[in-house]
Amino acid sequence: MTRVLAILTVTAVCFAFLSGLVYSIWQIGATTTPVDLPALLAGNLDDSGVENPVTAVLLNFRSYDTLLEIGVLVIAGIAGISVAKTSSLEDPELRTSDELLYALQRWLVPLTLLLAGYLLWAGSDRPGGAFQAGAVLAASGVLMRLGGIPMDFLRPGLMLRLGLSLGFSVFLLVAVASALSGSRFLAYPPEMARTLIVAIETVLTLSIAMVLLALFVSAPINNAEEPEEGGS
Amino acid sequence: MTLWLMAGLLFTPLAWAVLTLLTGFRRGRAITWLGIVIQVLVSLALWAVVAAEGGFQYPLGGWQAPLGIELRMDGLAVTFVLLTALVAAASGLHAGFYLDPDKDWHRYFWPLFWFLWAGLNVVWLGNDLFNLYVGLELISLAAVGLVALGGQSEALRAAIRYLMAALLGSLAYLLGVALFYGQFGSLSLSGIASALNQDIAVEGSGFALILMFFGLALKTALFPMHRWLPPAHGIARSPVSALLSALVVKGSFYIAARLWLELGATLGSLALAQLLGVLGGMAVFWGGWQAFRHSKLKQVVAYSSVAQIGYLFLLFPLTWNTTEAVIIQAQQAMTLQVISHALAKAAMFLSAGNLILSVGSNRLNALAGVSHFLPFSLFSFGLAGVSLMGLPPTGGFAAKWLFLQASLATGQWWWLVVLLGGGLLSAAYVFRVYRASFVEDSDIDHFFHPSRRLEIIPMILALLSLGLGLMAEPVLSVMALAFANGEGT
Amino acid sequence: MTPFLLYALAGAALCSIGLFGFILISHLLRKLLAFNLMGSGVFLVMVGLAQHRSGPDPVPQALVLTGIVVAIAATALAVVLIRRYYHLSGKTSLEDPAQNPPPAPGPRQAREAPHE
Amino acid sequence: MTEWSLDILLVIALLVTATSVLWSRDLFRGVVFFIAFGLLMALAWVRLRAPDVALAEAAIGAGLTGVLLLDAARHLSNDESQGEDGKEKKP
Amino acid sequence: MTATALLPVFALMTSLTAAVIIFALPEQKHRLRTFVNLTAAILKLLLVGLMIRGVFQGKAYGIAFPMIPGVEFVLRADALAMLFAGLSAALWLLTTVYSVGYLENSPNRSRFFGFFSLCVASTLGIALAGNLFTFFLFYEMLTLSTYPLVVHRGTEQALRAGRTYIIYTLAGGAVLLFGIASLHVLSGDLPFRPGGHFADMAPDLQMPLTIVFVVLIAGLGVKAAIVPLHGWLPVAMVAPAPVSALLHAVAVVKAGAFGIVRVVFEIYGLETAGALGLLSGLAAIAAFTILYGSVMALYQSDLKRRLAFSTVSQVSYIILGLCLAGPVGVAGGLVHLVHQGVMKITLFFCAGNYAETLGLHRIDELDGAGRRMPGTSVAFTLAAFGMIGTPPLAGFITKWTMGTGALAAGMDWVIAVLVVSSLLNAAYFLPVLRRIWFGEQKDPWREERQWGRSETSAWLLWPPLVTAGFLLLAGLLASAPFSPLGWVELIITREVNL
């Protein structure tokens, strides 16, 4: 009975929320913006050092957001490995994975690595960039892991922590170096902008892949007897 | 000089997060203490700069808003930066002694601590709606990580519940940001505020504001969305609880207050203002009542946070559609309440941690007889309690007094019930703790004595919150710089 | 009316579906799925609404990229926590222990000391 | 008109998959639907002329999140009821 | 910063510093603690004495600084303040001496003396407060610092008494705060000023001002133990004797009464309060409290409880005196502030001595105590006769002045109240005296302790003797310039403007 009542209430809430949102979108859609940001962006794109406007926003105009966002990723990684058990890396199930997957990943892994490299390289001019490349890299790592490759560097140790923080540290160093050289935090010298952005993107790719992989492997694996103990 | 200070403020916490990530607990502790010194000095220097020269904008990467992200360093922001530095320094020092260095996972306390600090500074200085979102996420994930640290089942349960609430809150806020961007084509808060003066159709944005308030209120644990807070703050280690209660919940509230003060006059409504106030009032009573009923020390303190947060929301009805003088009064009241609660609650959690360490139990009636053996921590707890009760000369009293003045001046006498009744209710739960500690019928005399270093830190915080009432005028005069030339300068 | 606005409205619908699921479903992983659906809805609103008014706009696109990364970070963290929670308590939801009879303590709970 | 019909179809598909994610019979299937949803989202981003986001959504949203959740679902769904609302089975 | 600014601050700091040092001292350092305590008390008495002399010569002491926007922290030593400050400084010294003896060999002395000093500091702050806000600050500080003293024994009964006490006083504080805040909104920050602020108020302020007055009196009345707000006072008797002595003589009840004096004289002004018709209501309540307290005292068999109800009755003399609104009547009320303090503290010291030395708590156990403890009993007798109003003791001065004032003000019914009250006083004190002096000891003393040839410890014996001497002198030398009555007349000519 209470369940039905709860469903009804939630339905009503969601419906009210939906109608408010739709009304709001409709109202806003009918007006014009007082600020034309895309035009402003196009006007400043040349100073950003890259041609892809999204990359320009991410790594130059709003680079502070990106810096913090990598911070969020690192936090997630830290929090993940802090609750993980070291033993979780020894997953017997994965060791005995089937041959098909193994064969598959022999082909897939190099391919994904290649794709990651391409995405990273393309990022400054065309669609692509560190996040996509990092994600693809992580995906290939996941594949390797599913194939039973132990990947010892993911053990919670100094290596892992170095890897987690590498991209973030380089980004941060660039930021503070710009501040120390007399201009604002995160302001790149225009002539070096492109180089710096590409460098940052490269290390970011590695770190992003590292964090995502670390989170993937740090999830604890159940023991066989576990389901009974808390099972309904 | 200012540029260097700003760079230091932004850089240190992030850099120290990385440094401490790479080291173990003990070395991390040493590094952290160095960092704390730097951060406190930088914050003090910035405070002095702002007090002397007024606030300024800091365009990151050299890009002006709306293209880039600008930080706003005004009186209010710098006051909160300084407050954060004080409370975080105290919690960090306390944690260094309090946490067991031999537990492997405690090494991760330091990087999370520094990320949390960084996120808080992002929020205080933020003037860009999306940047604030990222700041909020930084804070939430770091806080969740800290709660889950060491991961026992109950802690994980609390952490997951906290994470879910935080994520929902962030999304609601982000949806509001999306609508705002659609409406104004800009993410800069002051840009939006000045666009509002141009008399454009803004009918759709009212809902956006409501969404943002919902999200932020959820993250601030406003009644009735407070259910995640007591388990999380109650189960975390005491220095973590201190950080969470003193600072983290204030971050989201601060954003809501900034939004309201800049945009509320146009986009808000009487109903919204009163609703937030009423929820705040209910939080005061419900939180106080729950604190009174709970039999565990840290739960009492955690529920008291729910109650104290309620007072903050009186800001909304008291600044709606009224004179400039009253608005300033209400703002000052809110600011004082934030500061005094932060100091008092941090003191309370830290001394509660000492008490628990000493009697080996979280239960209230285990405190019997502790007043012989640990009067120092008990005294800090008591002083902090005085501030929560809103008795003079504490900062809590100054805040309550200003709230009273603003309520009477706007004729909204019904908030008096909240202010006076809430004070009595908080007295009820604080005195319950005192009472438990005065009981003489226990024969336990083998209390563990925590080190003096652990005891002195909460005492300093409690004294600060006490002294705030006497020093309110000078502190507020720096904060007033925010409101005099708050935007666009 | 442009296709962009259609996507924004679809985003609104996704948000409500996600919200409905997020509140009502108690299984933690499904909650997480609901959260991700809501997130996608918000991103659609963000880009769709902005582009409906001024054509393709890289700024919200960049914001959405950031948002996606934040979302995966949060999701991954949540998965780790949920799995560890399940590992320790055998539960997949946060339902109040007061309402259900407490499960028999698992071997791990019994072995490890209470938290504080 | 064809453009519109494509968009409308895509939107309907998105909503249907989203519903299926939450109320599919078992968790594993829900995650599979979620991956499908991610791919559809990637398509939507292409239609919104946001190729960067489309790439990221395909790699992160569909790919990584999918794998992560699949792995989690594999471990967690052992005891999940075979009921449809995803609610924990009452004892 | 000159001496005029710093003297009040120093006087406050003596007891505050003492409190801090005592809290920091280890529990076992009894001698050092006693030394700190006595030094601070003597120092404070000297400082207050200096200020009294200065004020007499027409100097003004004070300090003010802004605290919260719109509100100042003001300390100011005027003649009225010095009346209360002098009382509190003198009695602190004596009570400290007494407590050292009383608490010998009991646990938690560090806590006790620390809060005790805080309590005295608050009292001095209340005396020196220059506006309602500052007054409130110390008023609440007093509430908080007294609680640990009330529950000091930590027994179930003490804890219950503490709860009653804190509920009453904090609720009263909240009501008072409401009143102060309302007044602040009506007319800004109001310093205490002779003649008050509302001599020529706008007619539309009448109604709100009347309401605010009632609220303020209700808030202050809790501590002043005006019926029906007196419930906490008899219960709080479980506290150790020196605490009761302090509570009844200087600290808590007097803080309430003193606050009422300040509000009536220096916020509203006697004339305005009279014009608003507020004084006659207050007088009626005060008169009722006087009679009610005395009647209730008759029925108490526990000595300290009887004294407590006597306090309920006696404190309202002060309030009744104000309501007479003439120079003589007001003098009677104000002088009772001091007289009652001295008499009541003597009574409590003696009651404490009986309890501590012989283990006697109930009145019917006192038979023959006079022969065993002649010094204590003489002091007790003097104070009791003083309460009854026998010439030439202090209480007689009060009653005589008030009676004259009542006649001058044309309020003849007050005389009746005074007479009936005196009869009741006699009715509840004389039986006690009869038992002490003429009763035959039936049972052995309950828990007798020996102090050599002396009847009790010197620490315990001398304070009541000294206060008894005071109350004799206050009566005999009532017309001297520095006697309480002389000082009160100074206050009235200088500050009340009648």
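We call the chains A, B, C, D and E, going by the order they appear; numbering starts again at 1 in every chain.
The rule is short, and it goes like this: a residue touches a chain if its C-beta (ideal position, glycine included) is under 8 Å from a C-beta of that chain, and two chains touch if they have at least 3 such contacts.
What you are looking at is a predicted structure, and each value in this text was computed from that prediction instead of being measured.
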Chain by chain, through touching neighbours only, how many steps does the shortest route from chain A to chain E take? 2
Would you pick out the chains that touch chain C and also touch chain E? B
Can you list every chain in contact with both chain B and chain C? A
Determine the chain that sits nearest the middle of the structure, using the mean of its CA atoms as its centre. B
Two candidates, A-D and B-E; the one with more touching C-beta pairs is B-E
Of all chains present, which has the mean Cα position farthest from that of chain C? E
Can you tell me which chain lies farthest from chain A, using the average of the Cα atoms as each chain's centre? E
Between chain A and chain C, what is the gap in Å from one C-alpha centre to the other? 16
Rounded to a whole Å, what is the gap between the Cα centroids of chain B and chain D? 37
In whole angstrom, how far does the Cα centroid of chain A sit from the Cα centroid of chain B? 29
Averaged over CA atoms, how far is the centre of chain C from the centre of chain D? Could you give it in whole Å? 12
What parts of chain A, by residue number, touch at least two of the other chains? 21, 25, 28-29, 31, 33, 36-37, 41, 54, 62, 65, 69, 72, 75-76, 79, 83, 129, 131, 212, 215-216, 219, 222, 227, 230-231
Any chance you could list the residues of chain B touching two or more other chains? 130, 134, 137, 141, 144-145, 148, 150-151, 156, 175, 179, 182, 185
Residues of chain D touching 2+ other chains? 50, 52-53, 56, 60, 64, 68, 72, 75, 79, 88, 91
Between which chains is there touch? A-B, A-C, A-D, B-C, B-E, C-D
Sites on chain C touched by chain D in the complex: 3-4, 6-7, 10, 13-14, 17-18, 20-21, 25-27, 29-30, 32-34, 36-37, 40, 43-44, 47-48, 51, 56, 61-62, 64-65, 68-69, 72, 75-76, 79, 82-83, 86, 90-93, 95, 100-101
Complex interface listing, chain A residues touching chain D: 52, 54-55, 119, 127-129, 131-132, 135-136, 138-139, 142, 212, 215-216, 219, 221-222, 227, 230-232
Looking at the complex, which residues from chain A come into contact with chain C? 6-7, 10-11, 13-15, 17-18, 21-22, 25, 28-29, 31-33, 36-38, 41, 53-54, 56-58, 62, 65-66, 69, 72-73, 75-76, 79-80, 83-84, 129, 131, 208, 211-212, 215-216, 218-220, 222, 225-227, 229-231
What residues on chain A touch chain B, complex-wise? 20-21, 23-31, 33-37, 40-41, 44, 60-65, 67-69, 71-72, 74-76, 78-79, 81-83, 158, 161-162, 164-165, 168-169, 172, 175-176, 179-180, 182-188
Tell me, which parts of chain C touch chain A in their complex? 5, 8-9, 12-13, 15-17, 19-20, 23-24, 45, 49, 52-59, 61-63, 65-66, 68-70, 72-74, 76-77, 79-81, 83-84, 86-87, 89-91, 103-104, 106-107
